[in-house]
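Presented sequentially are two complexes of subunit A, the first with subunit B as partner and the second with subunit C.
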Partner chain A sequence: MSWAQGILLARGLSRGWGGICSTALTGVPFSQGPPQAPRGLHCSTAAHNPDSSLVPRPPEPPRGPVKALAPHVELFRQAPDGVRDKASFVQAVQNFTQYNVHKRGHVDFIYLALRKMREYGVERDLAVYNLLLDIFPKEVFRPRNIFHSIFLHYPRQQECGIAVLEQMENHGVMPNKETEFLLIQIFGRKSHPMLKFVRMKLWFTRFKNIDPFPISRDLPQDPVDLASLALRHMEPDLSARVTVYQMPLSKDSRDATDPTEPHIIGIQSPDQQAALAHHDPARPIFVEGPFSLWLRDKCVYYHILRADLLPPEEREVEEIPEEWNLYYPMQLDLAYGRSSWDDYEFNINEVEEGPVFAICMAGAHDQATLAKWIQGLQETNPALDRIPVVFRLSGSSGELLASSSGLEEPPLTPPEGQEEEENNQQRQQQSQS
Partner chain B sequence: MSGCGLFLRSAAAARSCRALVAFTASRRSLRTSPPSQAFAKELFLGKIEKKEVFPFPEVSQDELNEINQFVGPVEKFFTEEVDSQKIDREGKIPNETLEKLKSLGLFGMQVPEEYGGLGLSNTMYARLGEIISLDSSIAVTLAAHQAIGLKGIILAGSEEQKARYLPRLASGEHVAAFCLTEPASGSDAASIRTRATLSEDKKHYVLHGSKVWITNGGLASVFTVFAKTEVVDSNGSVKDKVTAFIVERDFGGVTSGKPEDKLGIRGSNTCEVHFENTRVPVGNVLGEVGGGFKVAMNILNSGRFSMGSAVAGMLKTLIEMTAEYACTRKQFNRNLSEFGLIQEKFALMAQKAYVMESMAYLTAGMLDQPGFPDCSIEAAAVKVFSSEAAWQCVSEALQILGGSGYMRDYPYERILRDSRILLIFEGTNEILRMYIALTGLQHAGRILTARVKQLKQGNVTTILETVGQRLRDSLGRTVDLGLTGKLGVVHPSMADSAHKLEQNVHYFSRTVESLLLRFGKTIVEEQLVLKRVANVLINLYGMTAVLSRASRSIRVGLQNHDHEVLLANIFCTEAYHQNLCTLSQLDKHSPENLDELIKKVSQQVLKKRAYVCAHPLDRPS
Partner chain C sequence: MALVHKLLNGTYILRKCLKPSVASCPFLGTRSADYCSSSLEKPAAAPGKASSQRKTEGNLEGHHQREVALDITSPEDKPEVSFDKAIKEEIKDHFRRLKNDIVNHWIGPEGRPLHEVLMEQAKVVWQFRGKEDLDKWIVTSDKAIGGRSEVFLKMGKSNRSALLYGTLSSEAPQDGESDRSGYCAMISKIPRGPFERKTFYDWSQFNTLYLRVRGDGRPWMVNIREDMDIIQRKDQMYSYFMFTRGGPYWQEVKIPFSKFFFSNRGRIRDAQYQLLLDKISSIGFTLADKVDGPFFLEIDFIGVFTDPAHTEEFAYENSPELSPRLFK
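Presenting the complex of A and B:
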């Protein structure tokens, strides 16, 4: 049997290729809808279009006699009060099974149901997927002999089963024992849906927690909560403190014509505070932004308060004070250092960046709002009173505006330097990954 | 009882004349004799300075009689009149007890006689410490008073300052406290915030700032305070430097907070001390202006050796108490003392007490030698060893006692709580390990500089020589540093242990050399390596101390010297294997060395600031 397994595996690996061949050779597309890109192990179109990877789109009308679809669509229209929830979806599926004892057209119905799942908000419900798989007639598609299992036995049905699993995968639904049981009952152990299932079981657990900076699936709706979540997400220092500088006005007044008080939320760590306190007041610091940050499907914008990197000649060399540690010497008075055999430092070419002193998220990206943020920061950072702050907002008219506190002649607007852009990109990557 | 105190005084006075004579004699020998090499530093180079540690330091018969005259009444007082449980419960030493301690002269044990103290040598101070430690609150109060509080005046004070303060401090009329720690500054002198500024008329310093965790802070009327002052450098720039001051409470502006509630040593007074606009006369600067750092270091380094004898004293009583219990408590018709697992614990306690006692008195004897030898590494080793042994032994004693060890009706839980502080104060053990290792490596590094340079430059002869040495070492050659043999200093009954010590010392020096070669001055950052170096050194010092002491015991024929030989051999064998293991971990690419993994784990934990693993009941989906 092992050679059969080997062949099966080989076929599974080259499934994309085989799919094309069979399509080309037979001329009968075994999946309705537009021909799909070959899907081998290495190319997955699913990432780009998660909802409709294997599920064919509704066919164009002149395509041929596909009357079977129409009644199924009716099933989903039947919801009496127009409520689209799990109960009505389950009802529709049950109606299909009751109405159609011979399960005629069940493949089309499953494809349709898969497309409809999102509308009913059940796309992450394992029980519903199992219910859909349950529609397949049992035992019928199981390979009876070795040749069945070598060749694609009931290809259309197997494709459909894979489509169900594929949609589960795209929504991050982990199949369970019941799924396995159903698949074995329907397609048998040596089938492509089972192969897919086993692979899901293997890789899901490994990839699920691969993100070192996970975000919860349900993001808070309140912009203040969302902003503080995003700020925490970006800030690596756990002792950093989130401050709400301004709460948005209450709901009824927000309906008024001008929302003069958008929310302003900032984050700053003690280290950043210390760095700001040591900043040379002769050098301006900049408010830059807005930069975008994606949290799942939401995009938020933030601004940073940063300074340029000190030129090398002005940097203070940090020297070890002579009388520092009361108990033991902090450095040895020896003429030789680490031998090269024990030097494990790699030569990493690091791009040095200017310090970032604080990050904020505001409801509006104009200078007036951000000036309020700076005012709020001044309470905890007295040094900020003496440092000129320059607003470099990419959304503004392009003119540089100096804040009231400083700088008579602001420097010309630098087009966003490459270094800064890198900086931002890194920041975003960090936050998104 | 007061007659007894008087007697002590007169004895001290009698001693003073003799001591004076001895002092002039010793001074002469100081000039002629070559500077003594510290024993521990030479261990890093693979040498055993036999002169320093063999034979075990002895005191003369007269001196011994004198010590016993001191010890008798003090011991009587501590066993009969001090109620440690009451002191612990009430969190205060009763005034009568303090008065009695003063009348016994215990507030000025190391103050020279001419200033009214007892003028005890380090050895005698260690001996008295054994008894004083029977109550740890009193021991800590006395130590804070004289081991650090007034030590600065003895070490760095001018004649004027000594005459002014020492008599009243020695009599206990004034209590001293040592004010160094601040909220932001533990061992980091650079972050001291307390500031002293010179007044307009240049006659006073005005002191501002607060100090925390000051032992005796509420009782003291004389403080040794460390504060930042502005000092003009030799090249004209103004710098902040630490200066030590003698501050009296009567100078004004000194307030102390309420006593802290502590885990152990609850009878000692620990509180915050605040200085606000305290005007300190210029004459009260201790040492030089800007020289406070050195003063603080000297004070801290000078007092550590006494912990060894104090803990040993405490352990001896603990052994008595637990042995009493183990020999009377019956289970399954057998005394607890008949069970092997219980017997093992007694052996452990006896061994640790023996080792730390030997180390402490050896160090005290070295310190008492003329020429003010630098024994700071040895003293730190004594402190680390004795504090850790104390914690281990007390914990084992509680294990022997079972449930009654845990009950507050018995003294054992108090001893456990009290002994925990030993690992923390006077420099935490971690910090002292760094001190031991780095000071020794600095010494070895300087001497080995030429050799290391030649090796690095690829000098063929040196490399061949080194390779040859290594080859001989790996073939398992016998190391002979002259401890045994015909003219050996170690008694033949411990020849095996002496060989073990020699072998350890030899391989230790090899390891030190290769560590210096590998890391150079960046070894400061390799704390896990330094910890191992310090551990080996502490063991080596302990082995030397027990060998020296047991050899002497045999030769002079002390009672039960065969028991001492047993203990010495046990300790040497154990320490030998520990050392071998540690030294092999210090090899490059050693499979026993898990430092990289350990660092990784701690980095991940600290990055999250939490326990990282998922719950064992979690499921992937």
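Presenting the complex of A and C:
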């Protein structure tokens, strides 16, 4: 008898100790405890100790650090073959509400879910955020009298609500009427999450369209489409034409960045074509690159075909006689000045660089690919046969090359038609950075 | 600079001087004065390399000096610098600037005749044509709080533009309290007058900020700080966004001053007021677009001008819901 009583006492005490320890560690109400807490005397796993002593056992060690730091992690754990997408995320959230009618530890669960959103790819989904806000019990946290509203009523829950809205703000998700209704239901109209919602509504609408060069959030996955979008983004001349010089091998199992057949897409405007036709064949033109361009969060690289600046004595200004076109003026001087003392010019000589004749994007950044681009350009610019082309390619770094004369040896002028590659000393300089 | 440094941070020099022997103290002290003055405001223009170079150079010279003191002193190794001379030159320089300041006051604001200043409609404030122009800027990144972004500033193509480049990393520092990180900034130094008095820029007759830049498609944020002489307003600034196009062409960015919104301690405030242009202290560019990777920004010059077509005073209204006290 005393043996059985001893066992019962020991089990009861260990259960009590375990419960108190887990409360202290997780800060969660005492009655929750670890989910595998012994429900009754039958199934206590940890208290199975053969020695029957009346002395209370020392507290059980916490079940691994995961348990102590993140309750409910097991709700997000799934079978190895499970795919992490919106459906499984919603399922995990619903599991929580299902098995936990009184929604104990909902604050921790919401923080955990906010952290896990990125893995499941739902961080920009407004419906999921509304679902998370739905976990809060309604009408409980609303202040009911003046004493509630003076002090921050239910501070942890309000902070949690603000955290949900802050993650929405970080990812640029605009809340809608459902969010507003949920926030009013949960926290009341004068609460901090509601204030934050009002601010989000205000500033998001103010800053929605301030980007003068907008790019949509879902970029095309196909590299050819992405390259043509990027080229159109860079070129301000709207009459420029995008030409695909080489398509990648897309039918094979290999991906599109196959080294033997990378895609080559170029853009050139009619003004640039005319300038290239007028270019003096005695001066070489250069293929420079690769330079980086960021579209939202994707980085692509492009090359340019440009010539050096002509020294001032060789620059000729084309004079168009006034009678060339009688229907409309060929030159318009649309200056701002309303009177003779208006002067809106800056007292500085701007940086001048040589003209750019064409831009291209290719899958590979080596000379062979770019030579193919030049060959493709020759079809529309026959003047390219006679102009020597020098390749100035650096390692793939993000900066524009500095072509100051002090730092590199001047390019040799090759005989006409030949192409020469030149390794730039800037490579060492850039590798330092 | 040496004078000011001696007055303000006397212990710093003492610390430097205590290490080598007393004989080489004046020499090393001068060296330390030289690079202490430039390191007062944390330049990171050539981080680590240049400053360590200078330090090793100083140490080497110090050792050399000590060895040489035992032997014959070769005249070409010991340049003619002395701490007192540097201080004297510094004092003379400051007094010269003070005299210029007083004399210029009679000619007109900042030494230019009044009619010229009043009629001016476009003014270049910062240009990048030489190394000394880079010294007017400070470059910071979130390394200051333990992050991993790097940023450097150097002269660009043939000394005609400045190139700000680096890598952004939004990995949060492991200090237990920050969960977001990743920013790089380039801030202009506060303009100083004689005796390092804080002065300010007066742009009250202009209404647009003009930048000639070439970026890589990333969005930047332009921050303007006002002169905070009287009240401790060091966390307040006015900001707006600058979107770069990317590509090989130079881009002109015109931002009217009426579009700048007010923020305090990094948060947009509910009560907004327009940026007052008569006491501007500094301007800065920040990149914090949460995308990891390398970036660059080439700047040709920064100017202000009057856009006659822009008549807006302030772009943001205050709402009674957010700031009820303004509407009582």
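By our rule, the second predicted complex is superposed on the first by the 280 of 433 C-alpha atoms of A that agree within 3 Å, B and C clash if a C-alpha of one lies under 4 Å from a C-alpha of the other, contacts with A are read in each partner's own complex, and residues count from 1 in each chain.
Assume a contact is a pair of C-beta atoms (placed from the backbone, for glycine too) under 8 Å apart; a residue touches a chain by one contact, two chains touch by 3 or more.
As the structure is a computational prediction, the values presented were derived from the model and not from experiment.
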Q: Using the touch definition from the top, say if A:Met247 reaches subunit B (first), subunit C (second), both or neither.
A: neither
Q: Once the structures are superposed on A, label A:Leu238 by its partner contacts, choosing first (subunit B), second (subunit C), both or neither.
A: first
Q) Which chain makes contact with more of the residues of subunit A, subunit B or else subunit C? A) C
Q: Classify the contacts of A:Ala127 with the two partner chains as first (subunit B alone), second (subunit C alone), both, or neither.
A: neither
**Q.** Which superposed partner A:Glu350 touches (first subunit B, second subunit C, both, neither)
**A.** second
Q: Mind working out whether A:Trp341 is in touch with subunit B, subunit C, both or neither, as first, second, both or neither?
A: both
Q) Taking the superposition as given, does A:Ala277 touch the first partner, subunit B, the second, subunit C, both, or neither? A) neither
Q) Is A:Ser292 contacted by the first partner subunit B, the second partner subunit C, both or neither? A) second
Q. Which parts of subunit A are touched by subunit B and by subunit C alike?
A. 336, 338, 341-342
Q.
Give the list of subunit A residues in touch with subunit B in this complex.
A. 174, 176, 204-205, 208, 238, 321, 323-339, 341-342
Q.
Taking the touch rule as given, give the residues of subunit C at its contact with subunit A in the complex, in rising order.
A. 119, 121-124, 127, 152, 156-161, 163, 165-166, 180, 210, 212, 214, 216-219, 241, 243, 245-250, 268, 270, 290-291, 293-296, 298, 300-301, 303, 305-306, 308-309, 316, 319, 321-322
Q.
If we count contacts the way the header does, which residues on subunit A are in touch with subunit C in the complex?
A. 170, 195, 198-199, 202-203, 206-207, 210-213, 230, 233-236, 291-297, 299, 302, 304, 306, 336, 338, 341-348, 350-351, 353, 356, 359, 397-405, 433
Q.
List the residues on subunit B that touch subunit A in their complex, please.
A. 180, 187-190, 241-242, 293, 296-297, 300, 427, 431-432, 434-435, 438-439, 441-442, 445-446, 449, 452-453, 456, 516-524, 588, 609, 620-621
